[in-house]
Amino acid sequence: MEAVLFFLAALGAIGGAIGVIAMRNPFFSVLALIVHLFSLAVLFLLLTAAFVAAAQVVVYAGAVMVLYVFVVAYVGGGESAWEPIPGQRFLAPLVGIALFVELSIAVLSSGLRALGTEGAEKIEPGFGDPAAIGTLLLEKFLLPFEASSILLLLAAVGAIVLAGRKREEAA
Amino acid sequence: MSVSTWAWLVLLFPLLGSLTIALGFRALPAKAAGAIGTLSIALAFACAVGALLSLLGEDPEARHHASSLWQYASAGGLDIELGIYVDPLSVFMALIVTGVSTLIHLYSYGYMQSDAGYRRFFSYLNFFVFSMLLLVLAGNFVLLIVGWAFVGFASYALISFWYRRTTATRAGMKAFVINVVGDIGLVLAAFLIFRELGSFDYGPVFERAPEAFTTNEGTIVAICLLLLVGAFAKSAQLPLHTWLPDAMEGPTPVSSLIHAATMVTAGVYLIARTHTLFELAPTAADIAAFTGLATLLVAGTMALVMTDLKRAIAYSTMSQIGYMVMGVSIGAYSAGLFHLMTHAFFKALLFMAAGSIIAAMANDQNIDRMSGFGRAMRFTSVAFLCGALALAAFPSTSGFFSKDEILAFAEARGGMYLIFTVLGYVGALITAVYAFRLVFRVLPGKPCAEAQELIESGHVAHGEPHNPATGEAEDTDVGFPGSEHHIADQNWPMKAAMSVLAFLALFGGLVQVPGVDHYITSFLDPVFHDSPLAHIHPTAGAEWRGLGIGGLISLSGIGLAYYLYRVRPELPGVLQRRLRPLYTLFVNKWYFDEAIDLLVVRPALAVGRFANRVFERVVVDGLVSGTAETVRGAGGVVRAVQNGFVRSYALLLLVGVAALTLYFLLSSS
Amino acid sequence: MNFTEPTIDYAGISPIIALTAGLCVVLLSAVFRPLRRSAPALTLLTLATAAGLLIWQWGENVDLLSEALRLDDLAISISLIAIFMAASCVLLSVREPAVGQAGSGEYHALLLGSVLGMTLLAQAQNLVTFFVALEILSIPLYILCATNLRREGSLESGLKYLIVGSLGSATLLYGMAFLYGGTGSTGFDGIADAIAREGVTGDPLVLIGIALAGVGLAFKASIAPFHQWTPDVYEGAPTPITSFMAVATKAAAFAVFLRFFVVALGPQLQEWQPALAVLAAVSIVVGNVGALGQESLKRMLGYSGIAQAGYMLGGIVVASEAGASSLVFYLAAYAFMNLAAFAVVVARERETPFGDSIRAVQGLATERPLLAWPLTIAMLALAGLPATAGFIGKLYLIEALVEGDYTWLAVFIAVGTMISLAYYLRVVAAMWMRPGGEPAPGATPAIAGASPEADPVDPEAGRRWYLAGPALLAAAATVFFGVIPQPLVEFAEHAGSALF
Amino acid sequence: MINALLWTPLVFGLVGLFLPKRATGWWATLGALVTLAVAVALAFDFDAGDSSLQHSVDVAWISGLGVDYSLGIDGLNLFLLLLTAVLWVGGIAFAAFREQERPQLFFFLMLVAETATLGAFLAQDLLLFVLFFDFMLVPFYLLFGVWGSDRGGTDGTTARAATLKMVIYTLIGSLLMLVGAIAAAVISADGGHLTFSIAALQQQGLDVESQRWIFWFFAAAFLVKMPAFLLHGWMPDAYRAAPLAVLVVFSGVLAKVGAYGFLRVVLPLFPDATVEFQEVVLVVALASILYGSVMAFTQTNVRLIAGYSSIAQLGFITAGIFALRADGADGAVLQMVNHGLVVAPVFVIVAILVERTGTEDIRQMGGMALRAPVLAALFLIVALATLAMPGSANFVGEFYILNGLFQEKIVFACIAITGVAMSAYYALRLYQSTMHNRKPDGLASREIGLRDGVVLAPLVLCILGLALYPQLILHRTAPTVQQTVAKVRGGDAPDARLAER
Amino acid sequence: MNVEWYIVLSALLFCTGAVGILIRRSPMVILLCLELMLNAGNLALVAFSRMVGNQEGQVFAIVVMVVAACEVVVGLGLLVALFRRKLPLNVDELRELRG
């Protein structure tokens, strides 16, 4: 059962990813990404990361993607297939594959027993549920938590600076 | 006053004279410069005489003194003092040098009067005398080298005295460089001596040498040969003689003082000075002797065919020095030095006379154009005749005794040394011939134009001044050959100087007449008495036999010359045609210049040109620009990769990631 | 669900609080018209406060906020350098067109944000903090680079920086994930302990983690071959921002580099040392040859920055106290030299039509000696000639390298320096040995000057106190610490001793 | 006192920056004179017998890095200091007599250069030495570049390019030397207290392996600076470009710093390597002698003749040092001073000639002796000294050098001595072709004025004085040199030392 | 299901995203690819957190989401700015800065 779910989700994720990079039209790419994100959410659930999964769906598939859609609608898109950089088309996949192989080797040849398992046997109930995460955020990861809020603020400011209506102030 | 004090004074005066004239060259009136110059040398001569007397006052064994002013350079195991060494030999030399110099200064006082460089001339001349005296009085090899180089420089300065004459400057350069080669020989010899004997001072060196070396041991031979390089370069012995004839570019008094009477005999002095070493290295000594012999013959042949008056005399100088070198090398020290003295007299005289004649010829030196000066210039021609007689060893003249003494010694030493006697006489014959060739070509006969003018108007001829060698017009504002010429017959200082020398040339030999007196020998005895060859003395009988032969040879020589150049004047031309190859060889000076040019000068210049054109450009600059190019090339690559495509940046980044990951994978345990 | 609130050492985090507060205030100032002009002043005030608080904390050595941060002299010194550069950036930004376009308040707020990120980064000892701090540092910079919206180059640089930068941080994140997986901890100490444990040491998972994380950091420090964004961004960004980035980013990156690799990855020393050494060598070569014959001064300084990063990386390679100290010293010296250089570039950019082309400084010696001297000193110092802080810095580094048995890298530094002379002295030559105006042979039309969207020219810029002042002071400091380096050396030694 | 010597020029230079244009020249001259006075004073209370450091100053400078500010005077550097002071007076005065553009800056840089050079000679701390050694380049770079003359014609190298070449080229060595110096200190400290004091390092000693490579790092720096054969690529262009007033001090002193470095640093610190590589360096030295001489007599540019001749001279000096014998080294030190004293006036004269004739090609000069007898006389003396005429101090120097070489390696000596003959040729050629021979038309042959006279005469007087009494230098130098060389030799023969390993 | 699988999967996604960045020209899509990579990281984090049995990884993942969001926002902002300046929305044509 779990295995089946995994494979389905994995396929979805991979498919979505491929879609993102393969689609000519950015709009479809965005849609592909949404698929991808949903499947990831499923995987998170499988990994007993309920809160993360939820956040994934809400924040990402929700908010962020909407943003994307708007921008796509605004600026439009589409691109030529012409490849001006010599060797790029040939090297890019090569590098990708090489990297993948290396990473896989690393994972498979790792001496860590745990990798071969489904994960730690005994995990306290409520592993990964909002409460647990919340506590961590407020205790151990208080600073990152606060910091990311500042980060959001800065990003917002940035967006205004870049995309906002220019009020020409003679400095 | 002590001997060494006298000696220091001898050195002092010429130096002072030179400096005063040099520094006061603007203030001093011309005549004053000449007077100072002459006077200072005269004083030096007086002091030399003083030294002689006080030396004679001592007992023969103690007749050598070393004295030094201050430590010149003493460090790191070397100890070089500013010191002189006075003994009969050096005093003897000093006397000749100062004596002859005084007369030549007197001569120049008149001869150079109208030369723009009058002061410069005397300053140089005095400096030369100082250097020469330093050379003969030096107390160690380093100082010897210093004097050696100084005379070299003085000679250079005086040869290129008329420094806008390219021929003169070139000749000066030639003389200087060849002399430097000689200096190098001496320096190396000094190093070797220091290595073996641990000192540069004459005293210790000559003391330790006999213990330090076995006869003909390699080192000592090497030392002597190196010394000979110096000696030959200075004394114009084969093959380092080529500068001497060119040196005739200098004013005639210079030729007469430096290139006849004094400097060129330094080699002879050197060999005599270091006889201790040469006796330990007979091989080297013999080499020297044979070189001397060769020189005297070769130079003689050249002198036979030269048409340039001064050069002819120059070659004769070479040949005479050949006699001396031969003499001192085979052990006839006093004889050699005796000849040195007499030669100084008559050769100086000859040059003076020649100078006077050349002046009368408006600086034309070609004997083919000369004739009839016997009537035009009585005094000069008499002086010339005296010189020629002495040179040709006419019986009872000075040359007669001195030359024969050398040959007699060679005979007395016997064995292979008889060669020297025999060929020496051959040389004597040649000498007589070329000496009187000059006499008969120049003095008698129908006066040439210049001579004629002199006879009629009493005026010295004036030609358009031009360089006889190149024919280019002279740059007269440097001086001679300028407007005025001076000839002995009209100029008392020249006359005075020449008459004294004429007297000495004729009768100077009487101080050493076999069986009658031997002042020279006995005076020099303290220097040479410990020599293993000291015991060799030709018997008076043998000497007189030798003298007889010598007399006959010289007479026949003169006779032959008379026959060739007076009775059958056309004959020489015939001979020339008959013996074409021989003649060409002689007239081209046995091709020595060409040989040196081919073997030394051209290669050096070729190397230089190669270094300049090829090596410097290719290798040296290549080293720089090559590196620079490489770096710049690398820069090009980097900038090409920086192509502005963000995606290719990403690519490179990921390539880097892959590479780094790979490295860590490999290094994982 | 029992919740135990973490103990908060307010003294320790006071600088961070100050910066954050200041950030907000400045941001607000943008909203209220009357305050709009005061943004720079407020920023300076904030920075001053933060600096003061940091200096107050000097000598402290404490964990903050449940080991999210560690406040020690290394962190403080680096933060101070960052703040110094930010402050000078504020000065250079006066009358900067970019400020006008972004809005003074936003511009300075973002600047402060970046500084905050650096301060956090310098103190981070926890992967999460580390990552967040890095982003807080970077994101404002992406924006700031693009703030001169009039100029295509600016936007281009912003986008390039964003794309490649995000790629870098993604890589970093992935590496962190592996490290976390390999060690089961996010805290540096925890990681170190885990790695030291038998069976984990040298495990591929960990090593890959190190590799990827290393890439992320190397990217921020613009180490070759992860350097390519540097020249483009440096050239495209508004010059004051470039001057800030050039030093501050490096400083922060190297600080965390040091902490991360020495504290967390110390046990894997043997593996990563040679790798970093090679990277350093590569950067030295690439940076130096790349800078040859560049017409744009900013670009040239960008490349030279790559080379300098290579030198500094040497201080990390040896992973010794001397190394750390030399690194800090070099950063401090680098701050002065760069500031002197950039201040002049800014001035010339504004008063000549040549933009940042080398042509802009031709004949400067006769025209504006007061600008020529700082630039000359800066160039000589960057080239590491004696009597400048640059020389002492190199000396310090080389000494550390030789002690750490990395003499070959020291030789690389020497060789690199030789090459660097070619382009540093080229600038000096342009100032002293060329008459003004005479076009440099083969000079391409200056990028900023030629393009129609040229910024307004202010012929008096070279006399403005806020440009000439920093230039002269920085130059003076460069020389001062070149002649009397002891104070700076002690400063560096304190910082270096924090980790060992 | 010693501090005064070092910093006086700098102080004067700084003040000079704020003086009116007209005054700066004289102010700078005054500064140089004061420095000279200090130097002379120091020389006077120098104890000849004592081989150790005198007037030494030693305070911690960068204690963190073990660098000390330590200066000192001994037999090795005493006369080089004097030489520096003398030549700078000459150079600055010469320049002061002429119009300079941007005079303040020019004289400031000149004086900075003097301080740097003096520092290099005085430094007793290895790093301080390196620092000054490198720093010297900065002022000279600007001096050459700003006041230098671009060369027209086909291969028209600009002053900029030439000087850049020079700086990079000479720094190649210097930077390696920096690494070498640090390595030497660190390795010999071996974890202990780190010091750069040359004396201390000498005490600690260094293992042979390290000596080998560090030796070459230093050698590179010094050989390039001299410059030695194959490493002289920067010389021709730089010499052509350099302003002559600067060239006077540059060629007179800077080359010596390299040679001095061998004596001060290499011999004491890397004795084994020195012995091991003796022949190699000697070969380089010989090559420099021969190549320099050959080039010198094929050149027609007056500057280059002088330039290449100094390559040859430096070759002699190096050879003398690497004879590794007391006499050789004594000669080398003496010769450094001599060469400085002759090459400087040569360039002054060259400058005068160039002003007169408007060309630097000897083929277009000549016959000047007639109207300018004094100039000719001075030039003659200088030329003779250059070719090491016996009776000149240069001869004594070369005599010592060659003797040392001769006793140590007879073959090398015999080859080296041919350089003497060649030097005779090119020196005289230079003199003749300018002073003698036909005077080309339109060549302004004037006597030197008083102004150049006062620059030239003192230098020539120094030459003459030394010619009469070289012992003046020798007996002050000898003790220290003796000590230095003895350290290398360490009593036993080189082969024995090599056998140990 | 073994953790290895998740990791390998995430690696695959990571590389896919990387390749995407390399081959796509539209900055928009490139941003999406960045998202892919970050998410790959997230997947790894969560998987590992499951493996080692502590939730720090999950927290990290959440923080990453925030970061990702911020990058997107800024990125899109840049796109808009480019669009406003009538600049091509094609990274290949933005290469004024090079060399």
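A few notes on this one:
The letters A, B, C, D and E name the chains in turn, as written, and every chain counts its residues from 1.
In this text, a contact is a pair of C-beta atoms (placed from the backbone, for glycine too) under 8 Å apart; a residue touches a chain by one contact, two chains touch by 3 or more.
The model shown is predicted, which means the values in this text are computed figures rather than measured ones.
Common partners of subunit A and subunit D, by the touch rule above, are B, C. Separation of subunit B from subunit D in touch steps, taking the shortest path, is 1.
A summary of chain positions shows that the Cα centroid lying nearest the centre of all protein Cα atoms is that of chain D. Greatest centre-to-centre distance from subunit A is found for B, with centres as Cα means. The chain pair C-D and the chain pair C-E differ in C-beta contact count, and the higher one is C-E. Work out the mean CA point of subunit B and of subunit C, and you get 79 Å between them.
The distance from the centre of subunit B to the centre of subunit E, each centre being the mean of the chain's C-alpha atoms, comes to 97 Å. We define each chain's centre as the mean of its Cα atoms; on that basis subunit D and subunit E are separated by 64 Å. One finds 6 Å separating the Cα centroids of subunit A and subunit E. Residue positions of subunit D touching 2 or more other chains: none.
Chain contacts: subunit C has residues 128, 131-132, 135, 139, 142-143, 146, 149, 158-160, 163, 167, 171, 178, 181, 203-204, 207-208, 231-232, 422 touching two or more partner chains.
Under the contact definition stated at the top, the residues of subunit B that touch 2 or more other chains are 639, 642-647, 650-651, 654-655, 657, 661, 665, 668. Of all possible chain pairings, those that touch are A-B, A-C, A-E, B-C, B-D, B-E, C-D, C-E.
Residues 325, 365-366, 380, 384-387, 391-392, 394-396, 398-399, 402-403, 407, 410-411, 413-415, 417-418, 421-422, 425-426, 428-429, 432-434, 485-486, 489-490, 492-493 of subunit C touch subunit D in their complex. By the touch criterion given at the top, residues 84-85, 88, 91-92, 95-96, 98-99, 102-103, 105-106, 109 of subunit A touch subunit B in their complex.
Listed in rising order, the residues of subunit E touching subunit A in the complex are 1-9, 11-20, 22-26, 28-29, 32-33, 35-36, 39, 42-43, 46-47, 49-53, 55-56, 58-59, 61-63, 65-74, 76-81, 83-84, 89-90, 92. By the touch criterion given at the top, residues 61-65, 67, 102, 127, 131-132, 134-135, 137-138, 141-142, 145-146, 159-160, 164, 167-168, 171-172, 175-176, 178-179, 182-183, 186-187, 194 of subunit D touch subunit C in their complex. Listed in rising order, the residues of subunit B touching subunit C in the complex are 631-632, 634-635, 637-639, 641-642, 644, 646, 649-650, 652-657, 660-661, 663-665, 667-669.
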